[in-house]
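Supplied in structure tokens, the structure appears directly below.
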Amino acid sequence: MQPIQHFASDNYAGVCPEALAAFVAANAGHAPAYGEDEWTRKVSDRLRELFETDCDVYFVFNGTAANSLALASLCQSYHSVVCHELAHVETDECGGPEFFSNGSKLLPAHGAQGKLTPASVLEVISRRSDIHYPKPRVVTLTQSTEVGTVYRPAEVAAISACAREHGLRVHMDGARFANAVASLGVAPAEITWKVGVDVLCFGGTKMGLPVGEAVVFFDRRLSEDFAYRCKQSGQLASKMRFLSAPWLGILEDEVWLKHARHANAMAQRLASGLMQVPGARLMFPVESNGVFCELPPAVLDGLRARGWRFYTFIGAGGARFMCGWDTLPASVDALLADVRALAG
Amino acid sequence: MQPIQHFASDNYAGVCPEALAAFVAANAGHAPAYGEDEWTRKVSDRLRELFETDCDVYFVFNGTAANSLALASLCQSYHSVVCHELAHVETDECGGPEFFSNGSKLLPAHGAQGKLTPASVLEVISRRSDIHYPKPRVVTLTQSTEVGTVYRPAEVAAISACAREHGLRVHMDGARFANAVASLGVAPAEITWKVGVDVLCFGGTKMGLPVGEAVVFFDRRLSEDFAYRCKQSGQLASKMRFLSAPWLGILEDEVWLKHARHANAMAQRLASGLMQVPGARLMFPVESNGVFCELPPAVLDGLRARGWRFYTFIGAGGARFMCGWDTLPASVDALLADVRALAG
Amino acid sequence: MQPIQHFASDNYAGVCPEALAAFVAANAGHAPAYGEDEWTRKVSDRLRELFETDCDVYFVFNGTAANSLALASLCQSYHSVVCHELAHVETDECGGPEFFSNGSKLLPAHGAQGKLTPASVLEVISRRSDIHYPKPRVVTLTQSTEVGTVYRPAEVAAISACAREHGLRVHMDGARFANAVASLGVAPAEITWKVGVDVLCFGGTKMGLPVGEAVVFFDRRLSEDFAYRCKQSGQLASKMRFLSAPWLGILEDEVWLKHARHANAMAQRLASGLMQVPGARLMFPVESNGVFCELPPAVLDGLRARGWRFYTFIGAGGARFMCGWDTLPASVDALLADVRALAG
Amino acid sequence: MQPIQHFASDNYAGVCPEALAAFVAANAGHAPAYGEDEWTRKVSDRLRELFETDCDVYFVFNGTAANSLALASLCQSYHSVVCHELAHVETDECGGPEFFSNGSKLLPAHGAQGKLTPASVLEVISRRSDIHYPKPRVVTLTQSTEVGTVYRPAEVAAISACAREHGLRVHMDGARFANAVASLGVAPAEITWKVGVDVLCFGGTKMGLPVGEAVVFFDRRLSEDFAYRCKQSGQLASKMRFLSAPWLGILEDEVWLKHARHANAMAQRLASGLMQVPGARLMFPVESNGVFCELPPAVLDGLRARGWRFYTFIGAGGARFMCGWDTLPASVDALLADVRALAG
């Protein structure tokens, strides 16, 4: 029997019911275009409440754009951005940040468990200080990280302090921010502006929206003319309500957190199961909705032959299994059953 | 009583029922991301059938991006694009084409009724031929035009022939392509590749979709690596099915044409009514879904006071009234009643 | 007999003796690269003395780069620059400003005698204030203008006041700044920072240098990281002394002004002669080193047949004659003799 | 006694006598601008003779521009360039290649002795083939390399064959091309187009010119509209003769090779001396004009204290000593004497 759910990416999932309901509800008559509608205003206010601060909020179409535009607003073309070597902006945006900024260089840093540290940032920004190398201006953190780990507030605060001391701004790629908040059990403010984050790209798509991310400027001086930047780069939706209204659905009653907790729980269920399998080895602590596991090649091949989709990760023996808001326990169990059967 | 529909823009309308149904239907379980899903494949095939040729199809988020990416794929930064001086790419994209192409210059040309002619194109591209001025490489036509007129097939053919003769490619900004096809009563092929159009940006949003346009390459050599271009510039949707599936809904049973015909008919109804009003003067032939009309300033002020939204156009005395797929005859009649009352 | 001097452009001239001597003198042994040499330091100080203020000075290779880099430092890609419709940045840089800024749009304004006025600037920046059109951020003036006229200090001051009031910065394209200063008989400070100019591109090439222009920031906050910008864009000379030292030669003893006065005088000599010719009509007041004159087509053809090089200007009947630091009275007289012979 | 020559960089040297003579000789009367002069034509022809093929030649101001423009002409923004991790384009152009190409990513590869190999290229281009990562389109080689080694013709041929097989073009950064040719004792054609190089950036500055590099397209189809590209990016000299004429001086009688051989010989002299010093270790074979040597920190500090300038290289213990066309044997001997004294 073919699997009906996959673990390739949390963007294989569709729209969650709450977002869909809000989307449909927003389809009522005429509304001013380009964000002048009531839904967009309302969601922006809700996000300000959620973050407990008077931040600036912009909705753009996807994560490539959100991160690239945010970074471009912090940099000139001759500046550089320190990122973890596994960061999505470095590995999976096809040069998007360089394109939007007209040439800012990404400076990959090492770091255990997918995380930067003040030391790893310092190592990178201390290498050069001459004009023949782009001047570091931003540190970007991914929360949750690309390997499913999560920065603690104190870790972010330490990196921010280091950044501040050296004249760098702090950007957070929050494609899976919800999973991190759910994992940490903190208020969103505690893991963002209160620990020095200047701009957050708050991912909507992986939380169950059809399309769209929110760019949240905690330091409002940094968002000057950002609406123009969005417009020019093809990121201003005319029928903006269909980007913004779905957020209403998930911000209500902490739906977004509920979904994120569920995805995280499915990852735990999967990890627990995998730990029982001979030859399986978790590659990173499972702290959000992703499970990274080494399995014998024959097992991985067998899973693929049975129709399972997942990504290989760092070499042929590593697999990435992502859980989403809609991952069913039965799907996890079916995957585990196949793993066990193949490994047995 | 406040109006419940407006004539400011056809993007004030929501999602048409057929598109919404397809959107909801697509929300079924897991689907591969980034366009590898069945909906996207199916819609692409349907567009190839519609255009009766083996064209390349890409879905992007909005019109700014569609036009800018298409032009960037035809140009290098030191090339230029001939456009009508009223073209959206020149007047309303906040420099989007220049941004995506890294500097290609738009060369505005004159032309009656919002249309370019071979003569107006020639005038612009003959001015200079030295390396101190960007080399013309593309002509872009807007169909329907920004003033609601429509190019006949022979008009496009004549411009394309002129373009071809001088080494230029032909791009069509079809934000309101549906209204033009409905107006002309021709097959889509007759007004595009058969008359020399290389790339069409086929507008979805104004036809009743929530988000998204199709970039259609009739000359497939021009689309080499276009998917990379989309990805890098933040125009590759991860949950692509929600961009593509709604097209399925409107391509079925010629729904798109039915909606476009309706919008055009509402424009005719409005124009007919306005022609009866003393002091009103239509500025352009009403050939698609827009009505451009000079009215006494007092009338325009009065309409605004009564809550109507519309754009001023070329000076304080001109008004642009756009009709959409959802414009009700009653809304047109209510607007006309107010115009008459104010002009009486 | 073929002419040995031409009136096509003041960049047909070679290197003036004073600049050449300084160039050769700088070729002594080793010197640190990239501007860390003594010549560059010395010339920068001399320019600060010349402008009587603590300005920031950078040397770049040519005028396209100087203007484009200066404008890019004042703009983001979604901003716009108001310029005269005849400005070199608009007509002769092949899209350079758009390239360096990654898309800033130039907004051409009208203005008699090649000059902007507060009214013409206002007209352009008042057209639009929505995010669908690039936000004006800079006014650029050309001094001397492209038609050989010169802005008076009060004219610049009025434009600067208007710019300041509307949040715009003021840039001066001074490819022929020397000729303007010579013509006005004012101190350089009087026509730049004292009347509101933020950044001046001080042309060296047309004053008799082999290569290179100086970008002078009077508002030093605007030059933050400008050295990085130069480096990244290929405008940082490794053997910088050969760009900077020649300036020493012409700044000494007001050589630059002496040469500029000479060029201006040659233009006056030419204009005076032309005014005696039947059928000749000066198109603009001759206030610097260019003479723009309408002449019968047969005369212009005849001049070309006799080997004279000059540019046509605004239609076939207009001619541009530029005088340089090296233009000989005999060359002017020979040209005039041929004009008279042909017109006779 | 302070040193009068340094070993920091071969761009500390001035203009060689032959280039200076040609520069001065070119300063004779008027010449058409922007490369329409006789010197530029003549030098271009001489370079075609030198390379024994009908190549296209362009002169630009410096190496950042030459390499960045050449790469941009081979790439679109979403493509990538494979380079050695020590390549100047990666480490010392402040993001120039990314800026000129509007975002092309550099993909650093490992390789012993500063050289790429087919295997190292393959390793990089085989990592990814999805649209989320920039598509490799160019391999760039540095000849001589950044560590003073030199690619043999067969090595270049092998890399070119690999590149060709995978759809990549081959670019050669020849900032020190002369030193490589002198070292190899081959005809320039043998190490460029005959072994698959598409574009060469032939460095002039380090050969003894005041300013300027030549971009040589062996595959002329790749240079389409390259003159526009130069113009737009501020790399078209108005008084072009002063960039081109100095090449005449050094192309005559193989002056360029004579100078390069001298610089290489000085490096050998230095290396031979250093090998006699206890605690010194050559880091790379000395095959061109650079000597990379590990020395005790106290020795390096001592050299600096005595006024010697040189670069540290890969850690505090490595030193880079560059010899130029003008390096005197006495300077080498003085440096060696100080090294010996300090190490003794």
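Here the chain labels run A, B, C and D in written order, and each chain numbers its own residues starting at 1.
Everything that follows uses one rule, which is that a residue touches a chain if its C-beta (ideal position, glycine included) is under 8 Å from a C-beta of that chain, and two chains touch if they have at least 3 such contacts.
Keep in mind that this is a model prediction, so the values were computed, not measured.
Novice: Compare the CA centroid of subunit C with every other chain's and tell me the farthest one.
Specialist: Result for max centroid distance from subunit C is chain A.
Novice: Suppose each chain is reduced to the average of its Cα coordinates; what separation in Å results between subunit C and subunit D?
Specialist: Inter-chain centre distance comes to 34 Å.
Novice: Could you grab the centroid distance between subunit A and subunit D? Build each centroid from C-alpha atoms only and quote it in angstrom.
Specialist: 42
Novice: So what's the Cα centroid distance for subunit A and subunit C, whole Å?
Specialist: 50
Novice: Identify all positions of subunit A at which a residue touches two or more other chains, and write them in rising order.
Specialist: Those would be 77-78, 93-96, 99, 102-103, 131-132, 134, 228, 231-232, 236.
Novice: Once you draw an edge for every pair of touching chains, what topology comes out, line, ring, star, complete or other?
Specialist: If you draw each chain as a dot and join those that touch, every dot ends up joined to every other.
Novice: Could you list, by residue number, the parts of subunit C that touch subunit B in their complex?
Specialist: Within the complex, subunit C contacts subunit B at residues 77-78, 80, 91-96, 98-99, 102-105, 131-134.
Novice: Could you list, by residue number, the parts of subunit A that touch subunit C in their complex?
Specialist: Per the stated touch rule, the residues are 34, 76-79, 102-103, 131-132, 134-135, 225, 227-229, 231-232, 236.
Novice: Okay, in this complex, where on subunit A does subunit B touch?
Specialist: 4-6, 8-9, 11-15, 20, 23-24, 26-33, 60-66, 68-69, 93-96, 99-100, 102, 205, 210-211, 228, 231-239, 241-243, 309, 326
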